[in-house]
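The letters A, B, C and D name the chains in turn, as written, and every chain counts its residues from 1.
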Amino acid sequence: MTLADATLVPAADRRWLTPSRAAGLVLLSLLAAFALIGPLLVLVDPTEQDFAASLAPPGADYLLGADHYGRSMLARLAYGARLSFGMALLTVATAAVPGILFGLFAAWRGGWLERVLELISTVLLALPGLLLVLILLAFAPGTFGPLYLGLALTLWIEFYRVTKATAAGVLKQPHIEAARLLGFGTPYLLRSLVLPEIRPILTTLAAFAMSTAIIAISTLSAISVGLRPPTPELGAMIVELLPYYAEAPLHVLMPGILIFLLVLGLQLATRNESL
Amino acid sequence: MSRMILARLLQAGLVVLVVGVLCFVLVRALPGDPAMRIAAGRYGPDANITEAAELVRRELGLNQPVLVQLGASLGQLAKLDLGRSLVTGLPITKELRIQLGATLWLSGATLVLSLVLGPPLGLFAGLSRGGWVDRASLGGAIILRSLPPFVLGLLLILFFAMLLGLFPPAGYGTWRDLALPALTLALSLAAVSSRVTRDAVSAVARTPYIAFARLKGLPEPVVMRRHILRNAAIPVVSYLALQAIYLIEGVVVVETLFGIPGIGHALVHAVIARDVPMVQGTALAMGLLFVVVAAGVDLTCHWLDPRPKRI
Amino acid sequence: MNAPTRFQSLAVSGLEIRAGDKAIVRNVAFTLAQGMPVTLLGASGSGKSLVAHAIMGSLPAGLCARGEVTLDGTSLLAASLAETRARWGRTIVILPQEPWFALDPTMRIGRQVSEVHHYLHGRGAIEARSHARSDLAEVGLDERAQAYSHELSGGMCQRAAIAITHAAGALLLIADEPTKGLDAALRDSVVKRLRMEVEQGRLLLTITHDIAVATALGGMIGVMLDGELVEFGPAAEILDRPRHDYSRALIAADPSRWPAPQLPPAGEPVVSATGLSKRFGEKALFDGFDISIGRGEIVAIVGPSGCGKTTIGNLLLGLVQSDRGRVELKAGVSPLRFQKLYQDPPAAFAPRQTLRRGFNDLLKLHSLDWRTSEELMARLHLVPALLDRRPDEVSGGELQRFAILRALMLDPVFLFADEATSRLDPVSQKDVIWLLVEIVRERGLGLLLVTHDTALAQRVAAKVVRLER
Amino acid sequence: MRRNWMIAALIGLSTIGAAEAKPLKVVGPWEIAGIDPAQSGYLFSRMQVAETLVSVDASGKLVGGLASSWSTEEDGLSWRFRLRDGARFHDGSPVSAAIVADTLRKVHAGTGVFSQVPVAAIEPEENDVVIRLSKPFVALPAYLVNFSTIVLAPSSFGASGRVERIVGSGPYRVKSLTPPLNMQLEVSPEWTGEKPGIAEVDYQAVGQGETRALMAESGEADLVFSMLPVSVERLKRNAKLDVRIATIPRTRLLKVNAASPLFSDIRVRRAISAALDREGITKVILRNSDLAATQLFPKALAGWHVPELAPLKRDLTAAKVLLADAGWTPGADGILQKDGKPFSFTLLTYASWPELPPIATAIQAQLRQVGIDAKVSVGNSSEIPARHKDGTLEMGLVSRLYSIVPDAIGVLRDDFRPGGSDWGATGWANDNLNGLIESMAATSDPAARLPLQRRAMEILQSELPAIPVTWSELAIVANKRISNVQVDPLEVNYGLAAVRWAQ
């Protein structure tokens, strides 16, 4: 029940840096450091094989063990984190930027433009995303370009839809009309008034989209259409190591743990306490 | 209502056209000799593919101009004739009956399981926001979202099939075979739907009409059943529908892992083998399924929420 | 309905509501008796709704009530959660504010009434339905049992909520801002309905900021200020001879008691329109409407909700396009000098921006100086410290004054006040309206007041236009 | 409410599931991609649904199938195959010479291996099928073992001449067929031979190797074919399971384009061979270092394996010397160069065999050690033949089966003919070898053929038009509740009819 006396109640603590945000940010910075600086510190070539160390457990020679070819897990994880996180970030950015822009545009202008965008997104949704990715990949198998283009092509729709729906709601509010009467232009309205309203839901969406992208790449590796070996990529590493699950379960889980930490960090950092 | 059905029919028609043309154009535009691909798809990796490809080329008329082939393909589609698979030689409709059927069974079982798992958990989490159920379900959701489906599937096999011996690790035919693949997919789906439910429930629980339902004297279980559930179901249903679409496509790895002759599996093989009619057939089936699901969601939402919609 | 025993009295003494260590409501004591309803008057934020919820036992988490609240000798505060819930509906029932938000949007009205009979009183489905029909018939809604709340008008929703409280059968009725958002005619009918409740033997506690409601209900009046009950006594006595300063201000704030504004004659028109017509779907709002507002002139448009009075203001500002007719703005004047004040002040400010940020952006956009705004702020009794708050952290009156400040920064020649004070308490309403009157006098701008409060319009405006539905 | 209903439904379903009688549950990786014999005939042959004229026993010796015996005229041009008495198809109709002749004529016009036989005419004569050749070809009966020559009843074919159902003549008949993954069989009442021990067989195709292993371990499957090397040790430790391993005539080899400037020099091919750590690859990836291919054929292929040949083995020093001799010198980045061009190429492979991409990855790292830069590209299995055809192939890692006909000469003849073939040599020809192979084809005396085979192997070992990497083995897991499981290294017939429930 809405209480008319709400202002009597002391205002909730509205610090931006809540404990969960802080934890998330620390986690993300650690992961970013591992992905960016890790490859520079680990001087081992992630593709160098040493059959004598096949599936070596974590220990002195190999800090995090070695994979079935005897390649250093630490080096592969660091390089893999750089590639996977970078690629996921790029994919999500490629999906989010047009998705948000189109969404804002459709909510703002409506009319035939909205209808055309609506049509494109509906048809794309009805077209199996897997088909798109597979077909794009067929043009340049094993490379990174079509992979991320195909993923972005399926991921942008969610950003578009959410942005459009949320922005349409915000745009109907009186404060937008008031700002327009006060002489503010469209860019200001969208940037300073609409975007802050839709930011929380978009960051949550982006966090999940990051993990979706990494998992999708691993899924494609599993049907042998992912990146070409010996590229260290977290999703592909899981697929490569999976047959050895009985002998080296920890090795299989390591890339998964990195993905988990990334999603957890993103979730914590973007979590909205008031929601 | 009739306008909505009309719009959906229009969408269905559009999907058929776009998918038909796009599949043909895209698959044909792909690099590589389709006859070679088809031959490899038919006779396997031990055969003499070059020789077989020549026969395939002659048989399928692949040396005709591409536009003539596109015309023939669309003409067939217009007559609602999906043709025969270039690889197996079986009518596409027969292939789809098996493969779409398998996927529908799997998806159905998944949906039921995820409904049993996700929303109730979300309900508890939403009613005790910040409590341990809420936190644990958030952690669980993140773990499930970070695990590739085949890893999850393998873990489930190890636990339910190897350790407990409850279900077979793979196969297709009886409901027991469906249990583990459906659970694999359902867990991922429930991870998301539990969070959506949790947000919806906690939003609805704070509305003035729920407060009034309590204040007018209804016992809490009645408030829950008659007011919270229905209103919280609206966003959950519309979200679940979108997820169900990802489900139908996302099954490919799970189908391979569990040996289920599903449509995702068929699509991957068809694209690899450049089997245009099969790609068209599977993509059409998925596209139309999307339209049907979307229409179903529209109807459900309309039933759940009588308020007029925008547009 | 089986005749439950009537309650004789509700006694509140030493009521205190605490949020953690801080007492946000203190020293509330009053008695409510048969035939003697109590009305708690006060601005929003004075704690009157919290008192209602303390009695009900439905305070939000984090707040707790201390003191004595006894209903015919039974202590309500000492009750366990289960006992409190068992009392809801059966013993005490609340008539919610803004009932269109308090009805389940996905359930038909009839079912929302009959479920009370079924689950509270254990009646069978058929019996519950027939009881619900008679409850609805009693409030004149028997035809609309199959309707959803979005298909009903505000007044109908209010009556539906009353039917629900009847079905619940409680004999202590708490009406929480029952007239909020309703126009004068609907307000009167709701008050009449509440009087009937008293005559039927219910105990009635009303929470309102509307003095007209308090006057019409009679009985006892309590005045609340900053969480304290500053005055309590018979209605007639308090309305005639208020003792506390705030009570005096509150009663003097009733538009019927305002002095007449002294305004010079109107100058040349700043906005005029001829032959305006507008339809929404099937319904024609108005046809061939003429209006003209001159410099230094206050024009009011009054009428019931839904009559299209806001649309006229929006037409003049060009926010809505008319079907026919023309609008003429004073030639050679920037369109930025035609401004609007909104009905719901929090909705007219960006929710995630501090006020300072919004003002900074505005000043930067139009290359204005902070100094002018500082002078204006003082003039509008606004403390600079408030600038660092967000819209939901200042009171409605303050926020509406910020809205006036914002409009004045652009040196307007015309201001459209759209129900600008309908959500404010009487004291704030008077402040805001009189500020506007003074500004009209000083700057010679034209003011269009759109309101459902005829008394207010007649008191302030030189010209009053009436629109019928 | 809803949950109660669900539980009730699940309980209901479980009782239905439990009531069925138990068939022999067979799991393999092979999908039923179309039922045309040219496509899936191998499965119907292995599962003993359909028969070929000739078959093989466990030792690889040709034995009767649909034909009880065969003979050839002096000239080696006319062959007579006598059909088994009383052989009937599953629809009850007799297997006639006319039907068999018809079938073989059709197969010969197709693309299977049988089309490579120099056939002049195929005629039925009473209960015999007579095949006339245009030139002597002693390996003819071996070609008739190939699955593409299975004989189906006329009722198998639809109006358009397509195969619509499988009506064979073997001990099992198809009860239900659900492509691409399921097939159920039952004992055929028309079968006159020894009665199969288990009345029903349920075949399930499971592509994922891990899943197949788990099906064996959980006891869900009775007989599982083709285990991943990593699972084998674990399965062997399982007391309930019986793991059988057979070396099969399949070799994974590097198919190099000997016409390309990179590999035309025989020293480069030898250097690449010497750079390979076959022992490491087999030990780590295949988990059996005995599979390191020291020559093209494994020991089990008697007569073709030549123990005296100098084994192919790792020798990095030798590799480097050979490369330097061929004019390749290390560049600044460690990659070899010649005339300013780096030794860099694409190593093409495909995922139809799950072990190929990992082996390619290992080879890439090993070649890098001698300064050769190979980029691994995992594509479709048709890409290597396509690149072979248009001449753009550089190097491919392929898995070659030499038992398409039980006599390895069938495949050799195709692989190393002038112009090469899909899975054989590219841009390499050797008249000497071709002459040897043609002589073998015309020589019926095994002893007389031996020196020819030996000579051919010597040529291949020294020229290396295809660089052998590893041999293969087939791992089969049988649950101990069944007995009499045989392993057929030629994968012609799984002998399911002989399997019995153990006591």
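The rule is short, and it goes like this: contacts are C-beta pairs under 8 Å (C-beta built on N, C-alpha and C of every residue); 3 or more make two chains touch, one makes a residue touch a chain.
Given the structure is predicted, the values throughout are model-derived calculations rather than measurements.
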Chain at the geometric heart of the assembly (C-alpha centres): B
Reference subunit B; chain at largest CA-centroid distance: C
Winner on C-beta contact pairs when A-C is weighed against B-D: B-D
Geometric centre distance via CA averages, subunit C-subunit A, whole Å: 46
Between subunit B and subunit D, centroid-to-centroid distance (C-alpha), Å: 36
Chain centre separation in whole Å, for subunit B relative to subunit A (CA means): 22
Whole-Å separation of chain centres (CA-atom averages), subunit C against subunit D: 85
Where subunit D touches two or more other chains, by residue: 210
Overlap residues in subunit C, where contacts from two or more other chains coincide: 58, 96, 98, 101-102
Sequence positions of subunit A contacting 2 or more other chains: 1-2, 242, 245
Contact pairs between chains, per stated definition: A-B, A-C, A-D, B-C, B-D
Subunit A residues touching subunit D - in the complex, by the definition given at the top: 47-49, 51, 54, 68-70, 141-142, 224, 228-230, 240, 242-247
Touching residues (chain side subunit C, partner subunit B) in the complex: 56, 58, 85, 88-90, 93-94, 96, 98-99, 101-107, 115-116, 119-120, 148, 150, 161, 164-165, 167-168, 170
Contacting residues of subunit B [partner subunit D, same complex]: 32-33, 36-37, 39-53, 55, 85, 87-90, 95, 98, 112, 115-116, 154, 157-158, 161-162, 165, 168-176, 256-261, 266, 272-273
Subunit B - residues contacting subunit A, complex: 11, 14-15, 18-19, 22-23, 26-27, 30-32, 138-139, 142-143, 145-151, 154, 192, 199, 208, 211-212, 215, 242, 245-246, 248-250, 252-253, 256, 264, 267-268, 271-272, 279, 282-283, 286-288, 290-291, 310
Complex interface listing, subunit A residues touching subunit B: 1-2, 119, 122-123, 125-131, 134-135, 138-139, 158, 168, 208, 211-212, 215, 218-219, 222-223, 235, 238-239, 242, 245, 252, 256, 259-260, 262-264, 267, 275
